[in-house]
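Labels for the chains are A, B and C, by order of writing; each one numbers its residues from 1.
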Amino acid sequence: MKHIINIEDLTVEEINQIYNRASEFEKGIRKANHLKGHVVNMFFENSTRTKMSFEMAENKISANKYDFFADTSSIQKGEDLFDTINNLSAIGMNVVVMRHQDNNLIENLSKKSYFQEISFINAGSGTKSHPTQALLDFYTMKKHFMDLSNRTVVIVGDIAHSRVAKSNISLLKKFGTKIRCLAPENLTGEKIEGVEYYTSLKEAFEEADIIMALRIQKERIQEKIDFDEYIKNYQITKENLPYAAFLMHPGPVNRDIEISSEVLEMQNARTILNQAKNGVYVRMAVLDTILNLQGL
Amino acid sequence: MKHIINIEDLTVEEINQIYNRASEFEKGIRKANHLKGHVVNMFFENSTRTKMSFEMAENKISANKYDFFADTSSIQKGEDLFDTINNLSAIGMNVVVMRHQDNNLIENLSKKSYFQEISFINAGSGTKSHPTQALLDFYTMKKHFMDLSNRTVVIVGDIAHSRVAKSNISLLKKFGTKIRCLAPENLTGEKIEGVEYYTSLKEAFEEADIIMALRIQKERIQEKIDFDEYIKNYQITKENLPYAAFLMHPGPVNRDIEISSEVLEMQNARTILNQAKNGVYVRMAVLDTILNLQGL
Amino acid sequence: MKHIINIEDLTVEEINQIYNRASEFEKGIRKANHLKGHVVNMFFENSTRTKMSFEMAENKISANKYDFFADTSSIQKGEDLFDTINNLSAIGMNVVVMRHQDNNLIENLSKKSYFQEISFINAGSGTKSHPTQALLDFYTMKKHFMDLSNRTVVIVGDIAHSRVAKSNISLLKKFGTKIRCLAPENLTGEKIEGVEYYTSLKEAFEEADIIMALRIQKERIQEKIDFDEYIKNYQITKENLPYAAFLMHPGPVNRDIEISSEVLEMQNARTILNQAKNGVYVRMAVLDTILNLQGL
């Protein structure tokens, strides 16, 4: 596990090891001291929680953190990103945490022969992959349900443009969880094997243990969306949210679109903040594992 | 003192406690080690000295500091600032240092029930409040005069748009200092009880112990200002500055508008730099106090 | 050596002292602990490797680092940079690392009487000076050749707009190295004493020990450049690169303009990354020396 690029690359054993470590960090029984580790955060797309969560994880394991600003970097002078990474590696960076709008760039960078000493963590690539988000989502579910193999997760909303959905589906499949996707047809995207598709909220929510709402990725959607229609049929409200359901959302929520404000103020919306909280421990575990493999 | 939002909320006793602590930091007889404290700086308005001063204070008490950039945050995806703060709190931030153009937003955020574990420090809110600036200004005066109760402070310039003036007036009133405001009518703003208003520099400067010039807040002023007229009547020059007066300015100075360059090069302009220097100790004291209250 | 502004200001002895220290850092036999040192990075021009290299050097000597963003600073409110620096000094900054498009501004700032306690490191000034780049380039050459006094260095490309070329020429002259400049006439600039000028690559490369390609500074060049003509006559290719030559480039490379991609993938292009790597040690040595002189 030199890099974390896609959930597909991780074995169940590796994931469980990350979770054991995350849990030790959460309980305060593990400390990591990476005073010699250098981690650069390269976010080519806007971010608050993922970036801040990585920064906090980096501080909590005592790594040195760096902010790479594309706008004031040599990329503005026309530098190739491959050359930038080569240089960061030469300077002594150990880990690149990267978010990029391209589906495959981070993966391609990680495969280039030059960077043999630098590890990549994908912090969100296009509409394809967001592995640490899926890891923290599943960690949050596991803390609540222990065993997810007999549970049903409903993923609701803009599946088509969601890297979060895709990484979560990959991860849930590894652990035998039943997966339902609920979305209007134009937001369903390409169908994935092993997933049940619904267009009716009522049917999808029947016997649901976990409901994971997704953000409508307005910034990625070309065609016009009929928000009134979406809200009428798919918004999660006090009336349609099953009493015992565990409500999740990767954030940021478009208030009163995916979830009503009323539900967001309710107790079970706190899970959403628990996701954020757990993210720090999961990212500490990922960084700690990768830096350990580099002998740090 | 969970938050520092407005000077009005602080008692004389709390202010004196902050000053004792600031003084101990200044003398090097107090050390604070907040390796577990996480402070995020959220500046929605331009800043050099306040932001850098907070950053240095955070480093000097060994807290972990974070930079929040509104331009590359999820606020660009339409996220509500309340949700952003909820998330930062969930991630583990202990203190938000915020500057914002809105007069009341920071106060409103600090009152929202969610953020029970996070403290706010107002680093400048609209034209209303800038409490740490007033605290450092008064700390600077106290170091020079010890007792301010029989002294006269003249605040000169753009009172109307100045949060610095308003917070200083609140603070000076608590300690029984005589306050004069000197400004042309269009920059005087709403009159405050307990303050004497002047339009003649000559009269206002009579028996003045301290002269606090303010920056003309060009960026906040809609109407056209007649700078020639302002300079003629209100610029502080070698000729009109009383010999023994203690000259202050919160910075940045508009050179040759509020104060002549000639005066700025004189010895007593050094007070302006002492304000900057003292600001670090006062902010260390504020952060240390707040983090202590959080058990850190 | 309170400041590092231009190579011309440094003696051979001072340079050798910096190299001894850099070498000790590189071998891991020197540690520096500047927990009380505060260094602010002020980059008014785009940068990746220089900025990141300084940041890593600052972390490795355990200094406190600060990022100054001109775009969100009080410079936007019209503040004079002299006043900004005065304030940063008052707040407690020990070192300013500055890159600026103006040829002389950093030098002028460093000479102003106010800032008696603050040191300046020039991280690139206009088209005139880039002393730490020259220091790391020569350090890289010295590690390979030991003695440079009988060697020949060919500097190829956009000499006219290159601060790297100018600082390198100054440094090489101090150590008695033979210097050739190879460029088309419009990129040659003002001729410097003690340098041999060539327009023919074939002639210039004869008996060359080191070939230092420069980046064509597109962002500084007003007139139109005929890139096809440049490539035909001056691009370094597998065919024209002498077998034993030591190839250098300050980066970022304009791929397939100054150097062919084919050459960049070859083993001897690794020197370019070694330059980046050595830069960290040289900058650690510079910062450590300057902070030591401040008693830190």
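Just so it is clear, a contact is a pair of C-beta atoms (placed from the backbone, for glycine too) under 8 Å apart; a residue touches a chain by one contact, two chains touch by 3 or more.
None of these values were measured; they are calculated from a predicted model.
S.K.: Through what angle, to the nearest 5 degrees, does chain A rotate to match chain C on its C-alpha atoms?
M.R.: C-alpha superposition angle, chain A on chain C: 120 degrees.
S.K.: Chain B and chain A are one sequence twice: same or different residues at the contact, by the over-half rule?
M.R.: The interface is built from different residue numbers on each side, given that under half of them are used by both copies.
S.K.: How many angstrom between the C-alpha centroids of chain B and chain A?
M.R.: Computed value for the inter-centroid distance: 40 Å.
S.K.: Chain A: which residues touch two or more other chains?
M.R.: In chain A, residues 67 touch at least two other chains, as defined above.
S.K.: So in the complex, which bits of chain C are touching chain B?
M.R.: 38, 40, 64, 66-68, 72-80, 83-84, 86-93
S.K.: Can you name the residues of chain B that touch chain C in the complex?
M.R.: Residues 43, 46-49, 52-53, 55-56, 59, 67, 215, 218-219, 251-255, 273-274, 276-277, 279-280 of chain B touch chain C in their complex.
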